[in-house]
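Which chain is which? They are A, B, C, D, E and F, in the order written, and residues in each are numbered from 1.
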Amino acid sequence: MTAFTHIDAQGQARMVDVSGKPATVREAVARGRVRLGERAFELLVRGEIPKGDVLAVARVAGIMAAKRVDQLIPLCHPLPVEAVEVHFEALAGEHAVEVEARVRTRAATGVEMEALTAVSVAALAIYDMCKSVDKGMTIETVHLVRKSGGKSGDWER
Amino acid sequence: MTAFTHIDAQGQARMVDVSGKPATVREAVARGRVRLGERAFELLVRGEIPKGDVLAVARVAGIMAAKRVDQLIPLCHPLPVEAVEVHFEALAGEHAVEVEARVRTRAATGVEMEALTAVSVAALAIYDMCKSVDKGMTIETVHLVRKSGGKSGDWER
Amino acid sequence: MTAFTHIDAQGQARMVDVSGKPATVREAVARGRVRLGERAFELLVRGEIPKGDVLAVARVAGIMAAKRVDQLIPLCHPLPVEAVEVHFEALAGEHAVEVEARVRTRAATGVEMEALTAVSVAALAIYDMCKSVDKGMTIETVHLVRKSGGKSGDWER
Amino acid sequence: MTAFTHIDAQGQARMVDVSGKPATVREAVARGRVRLGERAFELLVRGEIPKGDVLAVARVAGIMAAKRVDQLIPLCHPLPVEAVEVHFEALAGEHAVEVEARVRTRAATGVEMEALTAVSVAALAIYDMCKSVDKGMTIETVHLVRKSGGKSGDWER
Amino acid sequence: MTAFTHIDAQGQARMVDVSGKPATVREAVARGRVRLGERAFELLVRGEIPKGDVLAVARVAGIMAAKRVDQLIPLCHPLPVEAVEVHFEALAGEHAVEVEARVRTRAATGVEMEALTAVSVAALAIYDMCKSVDKGMTIETVHLVRKSGGKSGDWER
Amino acid sequence: MTAFTHIDAQGQARMVDVSGKPATVREAVARGRVRLGERAFELLVRGEIPKGDVLAVARVAGIMAAKRVDQLIPLCHPLPVEAVEVHFEALAGEHAVEVEARVRTRAATGVEMEALTAVSVAALAIYDMCKSVDKGMTIETVHLVRKSGGKSGDWER
């Protein structure tokens, strides 16, 4: 059984016990960016991407993804997400769209992953809607902007 | 960026913030009806629909759907559903089945959508089980009967 | 075991075997209606429902639901849905929104349930977005308009 | 309507109302066993199963399944799972792997089904990873070891 | 980077490439058993389990689980399941219920995991429905009975 | 109805019809990078991240996400993913992990979104496992490396 234990030793992933922590208000804001290239950016700004209203679809995708984090990220706790907003800003000089997600809940753990996942999935949805125009787009610098609540306190980038 | 903002303006769907609202007991009752036509109705009443026990399957479908509303309806909050019942009543004169769902929870928002979704999905499951007999069935007047709990108080149709 | 068999007899629901049927092009169109009442209808038409862009959200909800029918309706076969469109039409005289879904695939079974589910879930999403204005809305006459393909051939209401 | 009521009588499955019960700390431990046969057991112990690291994959599968019980088991309540651990032990004499899952939460109902489902799905994942070597494996004696919390109090096998 | 590679080496789980294999008819039959104890068995046989119609609910749970294997078992391929049946048999002498699942499809890989998962989840649903009566039930000897189709040919236990 | 049509005009998102396209072999490779910072990178390389085996968990997360793209990205077609691999490489000089996903299928549309989603979700899982050490990590330059198959032919970055 030594060999077996050895095999097992490294992989002992587990969902950390938070049952002793109180539910408090938690908030997280994350951001990322989709660099579209000139042509796709122009079509997006003019509302002429053939697959439909890119930002409305991407917003819904991001919001829904925030509710599904525990099914996507293996060790994340299920959380009763209580508010999600996804915002977009055009960065004309860079032919990019900035994506921002804000998530809030009352829970024993934070909503950082919910905010980051909302940004990532909204960005992927933008890619999907625009990929017939340009496959060379990139999703860049998805990061946490700030979070508040919980024992570790507030954090800001 | 003006154009972009304009594009974005109309679509700012968001999951409304309920993190300031207390969790209270919420209940909702919804109803709807599947009009089957004479032949499918008779087979259903006699338990002879070939695909199996229609009402048992539809009841399970409705109950499970009530637990999945946040994944179906984009802006609904995830809720810890604490009770779901789905009932059926035969309306012989109309060759119809009345579907009723009752849902209860303690949460910061109500369970109207959970009850309405349970009714709709149970009705769709009845349609599915009977469609080899008659494709002309209709799902009718899915509506909220009453709801209680929450700041907006009780409501009855 | 007699008693047991008896219990079991009525409930023998099963997913019907379609493994002997060829994959052919299937199409289905379904429709339904959300009766909103005057005030909600006016706000919807003017784009002033507070929760956001109702029709964009409902359209995404309907399209995504069409892809998830096998997880909602217990005995439905999983199908590689190949096209989904959800359209809305304002019925000013009735203060209602007509919802239409068209689904297409190549498969061994039809897409009637996919079209009906897309209509139902889009209608539920409209209800959800507007329910702060009026809880008395109803979802009405969800029905199959026509379907084509498969051994049973074409069907039109 | 007599006939109909009769049909309906037996199937009145429902999700039991727990909205009157307080949320308390609940814990459950379950165990089961995968009997692998000599060859698959040896390959597993030596880390030579071709499909990859069996135990790491099975552990993730078990943890994720514990979070999805309400979507698998029709009448289970959704629960905010707060801790999940899945452990494996080699039983060399029997060429078997013992699977143990521990789940904890604060909720109005217990987590027995979460622990049992984690064990079952982890065992199924082990089967899947090893089935190219041996299809004759069996999953054995999946059972509850103990549970604590709730009105019915502690229970130990 | 040596250390890193070493860490990575053992875990290279992957979904095996089946894109070169033809889709052929595949079938699998699996079985398992829930040992209930005398009291729960009697209540089940008499249809008096308080939570509702145990076998109808468990059958639906098993059928739906067969359609969701690719989301539960990490390395399983998504498959268009084309037929699922779940049967139960009372084993009075043992106070047990035998669960059997048969699954069929046309695909590039087999449906062994679909059949085994249907049995496991149906058994878990039986446990869930009866656990208020007896928590000492066990799920036993879940195994593949036979499979046919595919390059590895037929296999029978 | 003019106003209404106007509201509707911009949002006509739809799942594009691919039912006329033949199923051919499709492959896509995507890459991205998680910049960890020195401390988290060192702990990851030494296998000392407290939450468990980061890369094994992230690999499973990425593979499973590739199978769920049609449920995350609203207008993506469901696809029978037939091969998924997720690889990691340590970039010591940058304290980063490079993530690469390769996906293959036979289908009427490509698997670009599957590969990009696998990379994004694996990266998010790495973030989740390491965030107790450092919240300042970033997910960078998620992009398509190449794709082959389909009418639009091969594409390479």
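We take it that a contact is a pair of C-beta atoms (placed from the backbone, for glycine too) under 8 Å apart; a residue touches a chain by one contact, two chains touch by 3 or more.
In UniProt terms, the chains line up like this: A, B, C, D, E, F = Cyclic pyranopterin monophosphate synthase.
Computed from a predicted structure; not experimentally measured.
Asks: Going only through chains that touch each other, how many steps at minimum separate subunit A from subunit C?
Replies: Each step joins two touching chains, and the minimum needed here is 1.
Asks: From the centre of subunit C, which other chain's Cα mean sits the farthest off?
Replies: When every chain centre is compared against subunit C, the largest gap points to D.
Asks: On C-alpha atoms only, rotate subunit A onto subunit F and read off the angle in steps of 5 degrees.
Replies: 180
Asks: Tell me, please, which chain's centre (mean of its C-alpha atoms) is farthest from the centre of subunit E?
Replies: A
Asks: Hey, how far is the Cα centre of subunit C from the one of subunit F, in Å?
Replies: Spacing between the chain centres: roughly 30 Å.
Asks: Centroid from C-alpha atoms only, then distance subunit A to subunit E, rounded to Å. What do you get?
Replies: Going by mean C-alpha positions, subunit A sits 34 Å from subunit E.
Asks: Which parts of subunit B, given as residue numbers and ranges, touch two or more other chains?
Replies: Those would be 7, 10-14, 16, 47, 53, 56-57, 60-61, 64, 68, 74-75, 80.
Asks: Taking the complex as given, what residues does subunit C use to touch subunit F?
Replies: Result: residues 25, 45-47, 53, 55-56, 59-60, 63-64, 66-68, 80-90, 92, 104-106 of subunit C touch subunit F.
Asks: Report the residues of subunit F in contact with subunit C in the complex, numbered from low to high.
Replies: Checking each residue of subunit F against subunit C gives 1, 3-5, 7-8, 11-19, 70-71, 74-75, 77-80, 107-108.
Asks: Flag every residue of subunit A that touches subunit C in the complex, lowest number first.
Replies: For this pair, the touching residues of subunit A are 53, 56-57, 60-61.
Asks: Show me the residue ranges of subunit B that touch subunit C in the complex, using the header's touch definition.
Replies: 10-14, 16, 32, 47, 51-53, 56-57, 60-61, 64-65, 68, 72-76, 112-113, 116-117, 120-121, 123-125, 127-129, 131, 135-144, 147, 155, 157
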